[in-house]
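Going in written order, the chains are labelled A, B and C, and every chain counts its residues from 1.
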Amino acid sequence: MLSRVADSLYWLSRYLERAENLARLVDVNRHDALDSTGGEDNEAVWRPLLYATCTETAFTEARLEGDPHATEVGAFIMFSHRNPDSVRQCIATARENARMVRDQISEEMWLELNSIHLFMQSADAEDLWRRQPEALCREVIKFSLLFQGLSDATIVHDEGWQFVQLGKFIERADKTSRILDILTYFTEPERTELASVLRSCSGFSAFRAEFRGDITLPNVMAFLLFSQSFPRSVRFCVRRLDGVLHAISGVPIGTFSNEAERLTGGMLAQLNFSSLDSVWQSGLHDYIDGLQQRLNDIGQRVFETYVLLPSEIRNVNRADGHRPQLQAQQQQQ
Amino acid sequence: MRLRVHHRTDYHYTTPVTDSVNELRLYPASGRWQSCESAFITVLPAVRLRRYEDLNCNVVHHFELARPHQRLTIESRITVTTREKVDFEKLPYGFHHRDLPRCQRLEECFPFLQDSHYVTRTPDIWRQALDIQGGSTDVFQTSYAIMEHIFGGYTYRSGATTVGTHASEVIERRTGVCQDFAHAMVALCRAIGIPARYVSGYFFDATRDHRLRGSEASHAWVEIYIDGSGWIGLDPTNNKVVDATYIVIATGRDYRDVAPVIGTYYGTGRSSLSVTVQVQRLAE
Amino acid sequence: MFENYQKDHFFDEMFVSGDHDVFDFYQPLRERFDRLSEAELSEKRRRVDHGFLEQGVTFTVYGDEQGTERIFPFDLIPRVIPDAEWRLVEQGLTQRIIALNLFLHDVYHEGRIIKDGIIPEDVVKTAAHYRPEMLGVQVPRDIYIHICGSDLIRDGEGRYLVLEDNGRCPSGVSYLLENREAMKRAFPGLYRKCGVRPVDQYPELLLKTLQHLSPRTGQTPVCVLLTPGVYNSAYFEHTFLARKMGIEIVEGRDLIATDGYVYMRTTKGLVQVDVIYRRLDDDFLDPAVFRPDSMLGVPGIMEAYLRGNVALANAVGTGVADDKVTYAYVPDMIRYYLAQDPILDNVPTYLAWKADDQKYILENLERLVVKAANESGGYGMLMGPSSTAAERAEFADRIRHTPRNYIAQPVVPLSRHPTICDDMAIEGRHVDLRPFILYGEDVEIIPGGLTRVALKKGSLVVNSSQGGGSKDTWVLYR
């Protein structure tokens, strides 16, 4: 298929996964803030969120310049135009990508995406946020899950669908690791913080089933990093990523035909065989940093292999000395 | 029968040629048995095309191409509706050999009883024609026998003859293509006083296995004159009385009068020619 | 249904003039509609419109940030053309496309028609879409216009006249095909009863036309459709045709031209492209040659094209043939190249660059339609009878200043066709016809074409951008 189409499907899916994770993060955090002493708007409670989404500076700047959405962190993450990764912006970018490949996705997928986009752009969404913030977050999460269901059920599972999966799992692995990273913000994370991280990954009940409710830092880490069956653990996502990449290239699992496959294979092996000891050795934050770096590398390699320029012409020079101009789409992180 | 023909002629010259002057006889004839719906004749390099009718009432297109060129493409696209020319239930028997001298006096027939460029009446041809006639006194029966004689006794082989091969040569060697068969038949007919003319055109091969000859090229056959019925077409290449599958383009004394594309040019290089013809049946 | 129908003084497609009878080929249609109640008709209309929305048969309205997509208004009463009438149109259009192609070959090679004094050199060389780059270039199969959409109108006597030839990127064929599907669903019985020649072979014929151009032999040619992108108003049509032909729809950035070849970028690497059906004007094709500011095209594509390694449909430079001044000379071209008289006439045309004509135009502005030579879609036009004195004064200045750029034609009273208007009333509305012509190995014209209808009462402008709608066009077997 056309590289551009693959690229658009990949980013469409990544941005939606991102929006879903952000909405869940905001929802959980807002809920926790109610319990804390400073009330719902207590900034101290919201700080870790800015930390996890790498938007501290953007928030401060936006606030200084009087962005109406920068009065509180939740609204900033949900709506701000100053925040390239706000839920509203993520959905708009996803829709833009979908528009480029409208003939490749089903009508149902387009209609749902278009309607959530129009809603997020409207004043109704902000109104709902003021009255019932949890309802807005749930709306976004529900949409994302619906969209995933539609993409599984209404389009052929061909190469394009594999690129949708690719975007989803790479983003999900990244987000899970970032949420886990919130814990390194606290010197000694307490039960409420651990529980909130689990809920942010939609993994509280799954965790309880696996660890009998023994909420400790090592258990939470083991669960979110290494769980075999929890669909948001880093290991689970990377295993799916490996499968998808091999499905695209047609090369058997265990071997590799390009850098993206080699890196993913290596990362999966490490996740399969490492234990918490190796995490303690490097320190949780540095360990997570390492994971994110690898995920970025994989994303970059996927882009180079399938989208940017196929290797055949990487060194082609035109007779007149001009090189073909490259135009690539969003390259983030 | 509604038929569409696409006829394309390509000349390639190894070195540029100049001052090409050409005549095209590609425009369908019209009469009650054939009506032309549309006909477009094009020449590349683009030239001004002129149109006139020749002495045999064929439509001729003429062009001049003075500047050097290495390629010349002539295309014709025609759509015609044809009807049966003869009633196959009632073939035109009944015209006697003894009445043939009447034709000598008809203006319509006179030229087609004389010698022409490719056709000469010789004693040998006359004797052969008499042998084929045998005891027949009926002109149509004799003509049919001549057609069967050629179809059955001659070998169809392309490459054995050239565009310049004379009728006498064909009758001697009994080998050739449709042009040669038509020339031979014209000669045999004229030798015993049957007015015969040369027809150029196309035909649609309606047989299931496409076993007829000449349907993928410009085709040629013969028309003989039967008093009371007019010109009746006989195709010695396929042993057929001409029916609605045939499209008449031009008629004349022989090939020279009706050549689809004929002309001259100045130049020293070699030229190569390719011709394609497609005949397609359309919905009525 | 038709009892209150007013023919007025126009030629009516359905009703015999001066009479309340319909032409016999409209009889089954009349009977069917007479049996319909207003409620049934309204329900059919609702279902058809809904169908179009669901199928995404839409066009994008320019200047709307949300990229609103609208359906192209569709009228349920089909236009019917009997076989004999259609054959004449078919021949006329075939003759025209052949002559236009010979003309293009001539002006980009020897220019004989200019030297013989049939068409002034100035007219050709000053046409906005004349491309000197194409001089001496041999295009694949010597065909320039492979896909043509000519606009036909019928005058007060019902004669077909050619209004213009769209030899660049004519659009609208997807509406034709979708209209037919909608009509087959809405009136299956009537459709069968009338005996209508099918149109759905178009995508297949188009693909054959494209494949015919491939410079590579011995393998299935790789054809692609090049679109300006999702923001183009005809984007729906681009995806529609690409899907029906089973070829890739690409944007400029999906293609790479290197070493004189064009490739498309796929997840499996570079794939060489043989034929590009481009829905992009010459100006945007190759930013390195034509417009450095264009982001839509493919740098280097012209080099590959001139080397003969990739074919473009239509060829570059065809715009010189659909210039409105050149248009006035098409009958002369037909006589010159084909030694025939034109089968279809032009609308009489006055050329402002000829002194006599200019004088006539300036004296009769309020009775003429003035058109800019190189604009399409109804822009840059003065409708004399409905213009204000100020508008006429402005056009008079423009004509004196750049006479080459203007032509004028008498106002042709376009034929009318019964059309369902507001409140389900059936009234006469002006129509034109855009048939689609393919020139590959042979000339193929899809029976009928897109009938466009001016929905505003009294309006003569049928363009979709200016309040036009469309009808299905039924060419009958008999």
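Everything that follows uses one rule, which is that a residue touches a chain if its C-beta (ideal position, glycine included) is under 8 Å from a C-beta of that chain, and two chains touch if they have at least 3 such contacts.
A quick note: this is a predicted structure, and the numbers were derived from the prediction, not measured.
Between chain A and chain B, the least number of touch steps comes to 2. Taking each chain's centre as the mean of its C-alpha atoms, the one that lies farthest from the centre of chain A is B. Chain-level centrality, scored on Cα centres against the all-protein Cα centre, points to C. Centre-to-centre separation between chain A and chain B, using Cα means, comes to 79 Å. Averaged Cα coordinates give chain A a centre that lies 48 Å from the centre of chain C.
Chain B and chain C have centres, each the mean of its CA atoms, that are 42 Å apart. Taken in their complex, chain A has these residues touching chain C: 1-4, 6, 99-100, 102-103, 107, 159, 248, 306-307, 309-313, 316, 318-319, 322, 324-325, 327. Residues 87, 90-91, 94-95, 98, 102-103, 105-106, 109-110, 112-113, 116, 142, 336-340, 343, 441-443, 477 of chain C touch chain B in their complex. Partner chain C is touched in their complex by these residues of chain B: 4, 6, 37-38, 40-51, 61, 67, 73, 77, 79, 283.
Those residues of chain C lying in contact with chain A across their complex are 54, 56, 67, 230, 239, 242-243, 248-251, 253-254, 256-259, 263-267, 269-270, 288, 295, 299-300.
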